[in-house]
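Dropping the structures in below, format is structure tokens.
Look at the two complexes coming up: chain A is in both, with chain B in one and chain C in the other.
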Partner chain A sequence: MKKIVAIANNTFKEAVRNRVLYVILMFALILIIFSGALGELTIASKFKIIKDLGFMAINLFGVAIAVFVGVSLVYNELEKRTIYTIVSKPIGRWQFLLGKYFGLLLTVGVNVVIMTLFFLATLHFYATQADGDHNLFYLLATSIGKAFVNLFAWSAFTPTQNVMVVIAITFLELAIITAFAILFSSFSTPTLSMFFTVLTFVAGRLNEDIVRFADQIVKNALEAAEAAGMKVHYPLSYYLAMGAAHVVPNLGAFHRTVEQAIYEPSVNIWWIGTVAYGILYTAGILGLAILIFSRRNFK
Partner chain B sequence: MGIIETDRLTKIYVRDVIDTEFGKLRIRFTDRKTVALKDLSLDIRQGEIFGLLGPNGAGKTTTIKILMGIHYATSGTARLMGKPLGDRSVKSRIGFLPENPYFYDYLTGWEFLDFYGQLYGMPKKARRAKIEALLEQVGLSHAANRPLRGYSKGMVQRVGLAQSLMNDPEIVFLDEPQSGLDPLGRKEVRDIILSLRDQGKTVFFSSHILSDAEMICDRVGILFKGELRSVGRLGELLNQSTGEWEFVVRGVDEVAMEHWRGRLARLSQVEGDYWAVCKEEALTQEIIRDVVGKGGMLLSLTPRRESLEDYFIREVQGRRS
Partner chain C sequence: MTLGRILKSTFACLLVAALLAGAIELQDQLIKRRRAEPFRFRDTLYLPDSRYVQAISLGYDQFAADFLWLRMIQSFAAGWSRPENAQQMMNYFNVITDLDPKFIPTYSFSIMAVGEGAHQDQMVHDIVRKAMLKVPNNYVIPKEGAFYAYWQMKNTDLAKYYVRMARKDPNCPAWVDRWEGYFDMKGGRYYMAYEKFLKDYVHALDAHNYQIINIYLNQLVNTVNEWMTDKIRQAAVKWHNEKGDWPTVEQLDAAGAFKGVELPDWGRMLSALDRARDDKVPVARTDDELELFIKRTIVKWDKLPPGPFDFMKPTYPGFVIWRGLPSTDERFVMPRGKLLGYLKELMDGVHTAALVYLEAHGKPPADWTDVAPAFKEFPEPFGGKWVWDAKTMEMYPSTYPNLRNMNIPTAFY
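Here is the complex of A and B:
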């Protein structure tokens, strides 16, 4: 365990030196801060706009960090041959890969916390502003203070209730994407890994919709055929597509859980299933990455 | 029983190559095989300095990579300290410095060694004491808090050497430890290797710098195109006498010495003294008698021994032809 922590620690040190990280973070923070201004322009609730944009920013930019920083982490170790001295030490390849994963997850986590703080502060800022006349200094001080309080007491204030639950679920989704970044990075180049990881994210998000859509089309076709008096079966391609849909992560489930947490906070039953699914899926992907990584020759 | 044993170790690299023959409009996927190591059997004893020598591409690094678990052998077996490769308990008793090492350049020398100490599972207190001692040993105490990216090549090599000694290993594997170093750096590395032997450690290193190997090796193995050509003590491998004689004379006039030039293998003048190499014993005696008879003085006379370089060239050229 200590060895995994040592690798993770070193990975974190390496990741925070990546300038791409700061560019991504900057864009995310700008979007979060200005979401309030955007909220002013809409008919819908200002807080809904801030929340929607904030959640989206944390999710998408979190994925961007996992992808852009993550895909080169393992590859760099092989390319620069730093892996040579690591492998010769009394440490298993699985420990090395897990260390890399948790180091990257820590980097993603720290960035999510920073984005969340800005997001919470933005929410508190507009909520306090709507409360009454306050000067700017007071607004800033209380919103930042309340944002920090939220980190420890999740639903301490009205405007930010349920926000932390959403962040936690989002982080779990990011944990899956991070595992994919490590998996692809363990056997292919950064460019290909980036492509594969983004593709997995998009496929994962659209997974449920596509399955539902395909189901409907086939069902309609079968009904039409039966009505015409023909006896037909589900085509093989349908089963293949369904099989593929079960291999690709179902990220839509996280999205649904997030929506549930925001709009129907009283229904909690979804969580447990989604959390279990996220953890098991991540473990599976990491297991596969370890399997591949353990068998390969390094250049 | 040897501390490092390999038995018919073979490594074949397979590369997938796409052959295109546009004339025939044909595309083929073929495997291109390279035999990097062929039936290598070695037996290294405890406490010796063993040098694996050979030209570039001979299979030296491949051998070390297999022993370190970086590559897997295609066939054959190897054992370290009597246990199969990859054994965790063995890994904690060996040290390794790769060729032209590149390390995490954002870490300082201290952090770098501390990181490796953690991989060995050393407690914090032990790490601190060991790092201090090692930085002192490799002469880098002054640069302990500087990031590695500011280190010169020699300094990186030395901190790499320190890294390989972090766990006080019983066997140290060094891949080309002296390549790219200046003469002073090479001497320092040489001294460290010799001090390791004094501490009873086994050193297995690869090199193509033969003069260095000659100075420190107990035994050498000569590898060429993946095959072990010979292995043994230097004294056994090298011809004790080449039949050539080397001498230096002083106080002899130029005309008298130039008279012999045609019959000598080499003749050169260094600050008034003449340095000569002669291939015949009788001729050597004749020249010396002549020089001394003309008032000159014989400063030295030695039979020429074959150097490792001579041997190496003889072996490699013999195989090539």
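Here is the complex of A and C:
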């Protein structure tokens, strides 16, 4: 365990030196802060727009961080031959990979926390502003204070109730993407890894559409068989689509929690199933990555 | 630093400055040219089927819906007067609500855009139906649909249906619930309206909710008045069809036109309600008893019964058949006091027209026909005739010669 923590710690320190990380973070923060300006353009649902934009920014930029930072982590060790100094020590390859994963996850987590703080502060800023006439200093001070309290007391304030649940669920989604980044990074080049990870993210987000696509294939086959008066045979593309739908992560499951948090803020979100799914899936991907990495020839 | 290096650096800086200045100058010209053109909003955004938008949005459906929502507002503001705008709004609506079905403001806004803006009744119906399907048990959109169905489409059946759907939401306010009775009343389903308001009144009494009682009482009064008005109208039309002239209410009553008419016995009902209010004696203990009580207040009469105002306002002078008018239902039969108030306004208008005539022609009008010829087609409502006072340049009905100086309190009607 200590070895994993040490590698994770080292990975985190390495990741925070990556300038790409700060560029992405800056973009995210600017977007979150100015979500209020976008909210001013609407004639209704200002808070919904701020929330949607905030959730989207945290999720999308979280994915960007996981992808851009994650894909080169293992590759760099191999490229710079620093892996030899590590594997020559009594450290298992699985420990190395898990250390890398948790280090990257910590990096993503810290960034998510920073983005969340800004997001919560933005929400509190506009909520307090709507409450009555307050000066700018008061608005800033209370919104930042409330944002910090919110980080620990999730349902402390009405306008941000369930926001932290969504962030936790988003983090879980990012944990899966991070695991994929590590998986692809363990056997491929950074460019290809980035490509694969982004495609996995897209496919994961469209998972439910793949199922609908499979259903459509069956429907077409049934119609064709009925018209010809023949027995129906499920086409191969159906099995392929269903197979893909079962293998590709179902990121839509996380998305539904976000929807619930926006429209039913007073209802306690049922998210144990989603958490269990996220943890199991991540563990599975990491297992696969370890399996590949432990058989890899470093020459 | 050598002179050569200084010159080199200066040259580089000047080159950059020159390039930037050139670019800014060109940009300035572009801005000027653009500003010289009259601004015209062009909604060039191509809106494909929502299924494709959903796939492209990658699960960030809410955010995509927000973006399109902001665009929809702009698009409406820029082209609300164009005929094709309704269809464009409908396209936006469909895509946004497929992306985010619970985005209630989109439904409200779309009803306003395609309904009140373009009078596209079928589109409004589609919007409300989608809301009832996608956001079930939410009262807001069916309520707005009911409002539109009644005020714009004059369809009380559809309005009532929407109210019933809205009522499925436990958060639906009580005033929306009252609309059902109102729509029944306006749709000529008087007994249903009467039953609803009376039931609500009794429930409010039982709950000692005295704040709401007056609202229900007002609705009851309106319902029974409309009910009576309708009976009078029917009898008057029948008389007119048979005899060719228009009767007075008194003539109808004397001729037995109201024999066997079924109308609420306001006196019986009021005494039971007063007892319940003052002595706290329940009107009914069970729902069945209440139904029975309501049925018993409907009585078969030999002549036109006294209406609610006869009990509540002793000076109430009853109804008048406004003969000879193009029979807009509202004015064909109306309370006498209300008609007097209306006539008073008309007579004031005729007097003002006479003053204008005097100023324009240098002499007063010879007769009311000079300034208000429309009254030739419009007989004096109470059976008299129109009189012209040349001295004061005033016109008045012979039945009420002092009409313009009469004080007609609202309690009168």
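As a working rule, the second predicted complex is superposed on the first by the 279 of 299 C-alpha atoms of A that agree within 3 Å, B and C clash if a C-alpha of one lies under 4 Å from a C-alpha of the other, contacts with A are read in each partner's own complex, and residues count from 1 in each chain.
Going forward, a contact is a pair of C-beta atoms (placed from the backbone, for glycine too) under 8 Å apart; a residue touches a chain by one contact, two chains touch by 3 or more.
Computed from a predicted model, the values in this text were never measured in an experiment.
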| item | value |
| --- | --- |
| Combined model on chain A: chain C and chain B, fit or clash | fit |
| Chain B versus chain C as contact partner of A:V87, first or second or both or neither | first |
| Which superposed partner A:H246 touches (first chain B, second chain C, both, neither) | neither |
| Which of chain B and chain C A:H134 touches, first, second, both or neither | neither |
| First (chain B), second (chain C), both or neither touched by A:K219 | neither |
| Shortest CA-CA distance in Å separating chain B from chain C in the superposed model | 29 |
| Partner chain B, residues of chain A touching it in the complex | 2-3, 6-7, 10, 13-14, 17, 80-92, 297-298 |
| Residues of chain A that touch chain C when the two form their complex | 38, 41-45, 48-49, 52-53, 55-56, 59-60, 202, 205-206, 209, 251-252, 255, 258-259, 262-263 |
| Contact footprint of chain A on chain B as seen in their complex | 65, 68-72, 88-89, 91-92, 94, 96-98, 101-104, 106-107, 115-116, 118-121, 160, 163-164, 173 |
| Residues of chain C that touch chain A when the two form their complex | 54-55, 58-63, 65-66, 69-70, 73, 102-103, 105, 108-109 |
